[in-house]
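Following are the structures in question.
Two complexes, one shared chain (subunit A), two partners (subunit B, subunit C).
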Partner chain A sequence: MDAYILSLTIFVAINVALALSLNLISGFCGQISLGHAAFYGTGAYVSAILSVSGAPFAVSFVAGGIAAGILGFVVGLASLRVREDFLAITTMGVNFLFVGFVRKQGWLGGEIGISSIPKPMSDAGMATLAWILVAATALLLVAIRRSWLGTGFTMIAQDEQAATSLGLNVGRFKLAAFVMGTAGAGFAGVLYAHVAQLIVPDAFGFVVSISILAMVVVGGIGSIYGVIVGAVLLTLLPELARFANDYKLLIFGALMVVVMLISPGGLAGAVQRLRAR
Partner chain B sequence: MFHLELLTVGLIQGAMYAMMALGLTLIYGLLRILHIAHAALFTLGAYAGVLAANAGLGLLPAAIVAVAIGGIAGPLVYLAIYRPLLDKPPYVALIAAIGLLIALEDGFRLVFGPYGLSFDNNPWFISGWMIGGIYLNAVQAAIAVTAIVSIAAFTWFSRRTRAGVAWRATVTDPAMARTFGVEPDRVRILSFAIASMLAAVAGVLIGLLNNLVEPTMGSIIAYKGLAIIVLGGLGNVPGTLVAALLLGVAESFGQTYLDQILDRDAIAFLVLIVVLMVRPQGLFGKAG
Partner chain C sequence: MEPLKTTSLSRSFGGVAAVRDVSLTVKDRELLSVIGPNGAGKTTLLKLITGQIPPDTGKIELFGRDVTAVPQYARAQMGIALTHQIVRPFRGMTLGENVTAAMGHGHFNRPVSSLFHRPAAADAARARELLDLVGIGQAADRSASEVPLGYLKRMQIARVLATDPKLLLLDEPLAGLNYSEAGQIADLIVRLNEGGRTVVLIEHNLGEVLRISHRVAVLDNGALLAEGLPAEVIARPDVRAAYLGKEAG
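Right, the complex of A and B next:
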């Protein structure tokens, strides 16, 4: 396969995994997070530091995901204390803090970032691994949706007070969603670091969080297949149409506005409405 | 003396934050919407100001043009984007607001170029005074004066005028206000007009202060503005003003003493997260 196509499939897979993991937090459990890129970046940085200092890839991979999940646990614990409206702002704050912190750390490469991260396998191997991660995340989401955990998430997303009065431990459910979702972002970050072999703080900035959120809402927040379609479309769009690359943020932003105005359920919501007719 | 200077710079920055955050907290109080796109009106005002000034208008007439454009554009944003989404869950309007901000910022970049515009003639930028050993340029003085005047005018408006009373009634209880003949929609349009005029004038002043108007000049302020209104206790106007000034000062000191470990723009969020851990309702919010 063409090297360009191969690397494109890897980046599509990474974005699908990111969007699916955010969908678990924001779609399933109703907790709008504007800082997903901070967890993506945590996975990338932790694994890059380990790999550069000689750790085997398997160790870096697991450590990156776990580190992101631990940060997610802490942020989730913190967000339990604040009102619903504050959550979006706190998670956004976490993203700015992450970038603002990493940028100033000499041992993390500062503005220049970390380079010459060793590539553990061929591009084809990385692509396979990336799509295995996507499949695992998607299967996990399907399994959650069918389980009592998914029922709990849905109840919280629809009416948190009702869920509490039914005796649900809302805090534990939210934490579970946060830890699983952020660990997923961490694994995606590990793959990104080892494919790109170079990471800089800005690759995990707030704009990236918003792009991931755009993929989720355009595809259809809460829908598994919708979010996959949304992530693939929005990743390929700037690649397929060169002119679209110049207008990427204009298009992403406008899509977010238009989708919210026309079909807040995204593509999946529109399909569902058409079928119901 | 050095600390006094840091304090002054911080208070002036805080005054600018206050002008932005006042609009955000007004709109949150009224609609429960986190109006992230507020920053796009700040940037729009700055561009209107620099273009009008460079077209030969004086700085003051240019600022008036910018305020007028802000006053028209703000209500349009409400009518086109937020009003259709009022009965949807809050995240819908939030996502639309983020989308609008990044689309408009990219729009500014495409129309006016990525490198920004400078004022051809910016006399306020170069003139200044030594006051008590601290150098203050005319733009900084103008920011302080404008913030004080506009916030005083807003307070007078909300306490002493009929429209202001109608506004406060709508914030407290829209249904009750309606039975007394207040049209909530008109109040909302008015609020967006006032908030956006404040944002536009803040935009012009920051454009003058940096002598540069660029497409993304509003984005950091948009996000910080949200941190400020949360710190102030969402919808609480006096709390918001105090939080804005505190943040301005914290940043100016933090930039000096924390520069080795943290970016200036991250300080607001560090303060936010620490405060929320101790007081989840914000510095001045009511518990519960």
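Right, the complex of A and C next:
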């Protein structure tokens, strides 16, 4: 396969995994996060440091996901104390904190980041691994949706007080959503770091968080297949048209506005309405 | 062992005392109604009992255990259930799904374990039975966002019954219902009580309260004004004054 296509395939998979992991937190559990790139970056930086230090890729992979999940647990604790709109602002702050912190750390490469991250396998192998991560994340989401855990998430998303009065331990369930979703972002970050072999702070900035959110919103927040389609489309769009790449943020922003106005359920919602006719 | 006992319970909001020094005991299998004019503190008292808000002072015991510092979800898991004055359906679900969701209460404290258990067909069937019990089984597949208030009030009762509660706290379940619907729901409350459940009812519909209650407690300005048999309590001049104005006394 052409090297460019293979590389594109990997980045599509990474974005799909990112969008699915955010969908677990925001779509399933209703906790709007505007800082998902911080967890993506945590996985990337932790694994990069380990791999550059000579650790086996398997160790870097697991450590990146766990580190992101631990940070997600801490941010999740904040979600127990703030209202939904304040949570969005809190997570946005976490993203700025992450980038600001990394930029000033010499041991993390500062502004110029970490380079020469060893590639553990061929591009084809990385692509396979990336799509295995996508499949695993999607299957986890399907399993969650069918389980009492998914029911609990839906109850929280729709009416937290009613859920609590029915005996749901809302705090624990929210933390579970944060830990699983952020760990997923961390694993995606590990793959990104080892495919790109160079990471810089801006690769995990607020704009990236908003781009991931755009994939979720355009695909259909809460829908598994919709978010996969949304992530694929919004990753490929800038690659297919030069114009789209130049005006990527403008297009993503406009798409979110249009989706909210025309089909708040995103592409998945639109398909559902068409089927119902 | 009493299902519910409050001792010197008080709660203020700013400078306003919503509940003042309320000591109340609810006996096993009793149907106790808490009445009082608007703003008397009835809903605040229920919120204190369920743990939605903490008291400033005082103690709450459920089934003999001091739960004053126990969070709301844990109290619900002890077998108390609340239907809300302003209905709180999960609007993205059908009525049947609302009730089925509550049947997972045994899994609601352990997220990891709950991932490995899923709602079964039997849960949906049981939810349908509960909706039949409250008289809206035929609407099980209708969305909670499109049914009338009366359906949602009934669904709320079915939903809390799905958690198999020992103590039912019903906050104005008859409000907004017509005469016939109110009578049906009141009869249902009696049946639930006769089935072995202790019931605390907060209600403005005095006719139904007097008809179905074993005992009545009256709140006025946050304080317990009177308690006793319905006919005796409602005949007291101070209770009539609180309800109808001072000239009535």
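FYI, the second predicted complex is superposed on the first by the 277 of 277 C-alpha atoms of A that agree within 3 Å, B and C clash if a C-alpha of one lies under 4 Å from a C-alpha of the other, contacts with A are read in each partner's own complex, and residues count from 1 in each chain.
Basically, contacts are C-beta pairs under 8 Å (C-beta built on N, C-alpha and C of every residue); 3 or more make two chains touch, one makes a residue touch a chain.
No experiment lies behind these values; they were computed from the predicted model shown.
Of the two partner chains placed by the overlay, neither subunit B nor subunit C lies in contact with A:A130.
In the superposed model, A:V99 lies in contact with subunit B only, and not with subunit C. Touch criterion met: A:F206 reaches subunit B, while subunit C stays clear of it. Set against each other, subunit B and subunit C differ in how many residues of subunit A they touch, and the higher count belongs to B. In the superposed model, A:M155 lies in contact with subunit C only, and not with subunit B. In the superposed model, A:L168 makes contact with subunit C only, not with subunit B.
Under the contact criterion defined above, no residue of subunit A touches both subunit B in one complex and subunit C in the other.
Within the complex, the subunit A residues that touch subunit B are 26, 30, 32, 34, 78, 81-86, 88-90, 92-94, 96-97, 99-101, 103-105, 206-207, 210, 213-214, 217, 221, 246-250, 252-257, 260-261, 264.
Of all residues in subunit B, those touching subunit A in their complex are 32, 34, 81, 84-85, 88-96, 98-107, 110, 223, 226-227, 230, 234, 259-270, 272-273, 276-277, 280-281.
Note for the complex: subunit A touches subunit C at residues 143-144, 146-149, 151-152, 154-155, 158-159, 161-162, 164-170, 172-173, 175-176. Against subunit A, the residues of subunit C that register as touching in their complex are 50, 52, 72-74, 76-77, 81-82, 84, 88-93, 100-102, 104-105, 107-112, 114-119, 159-160, 163.
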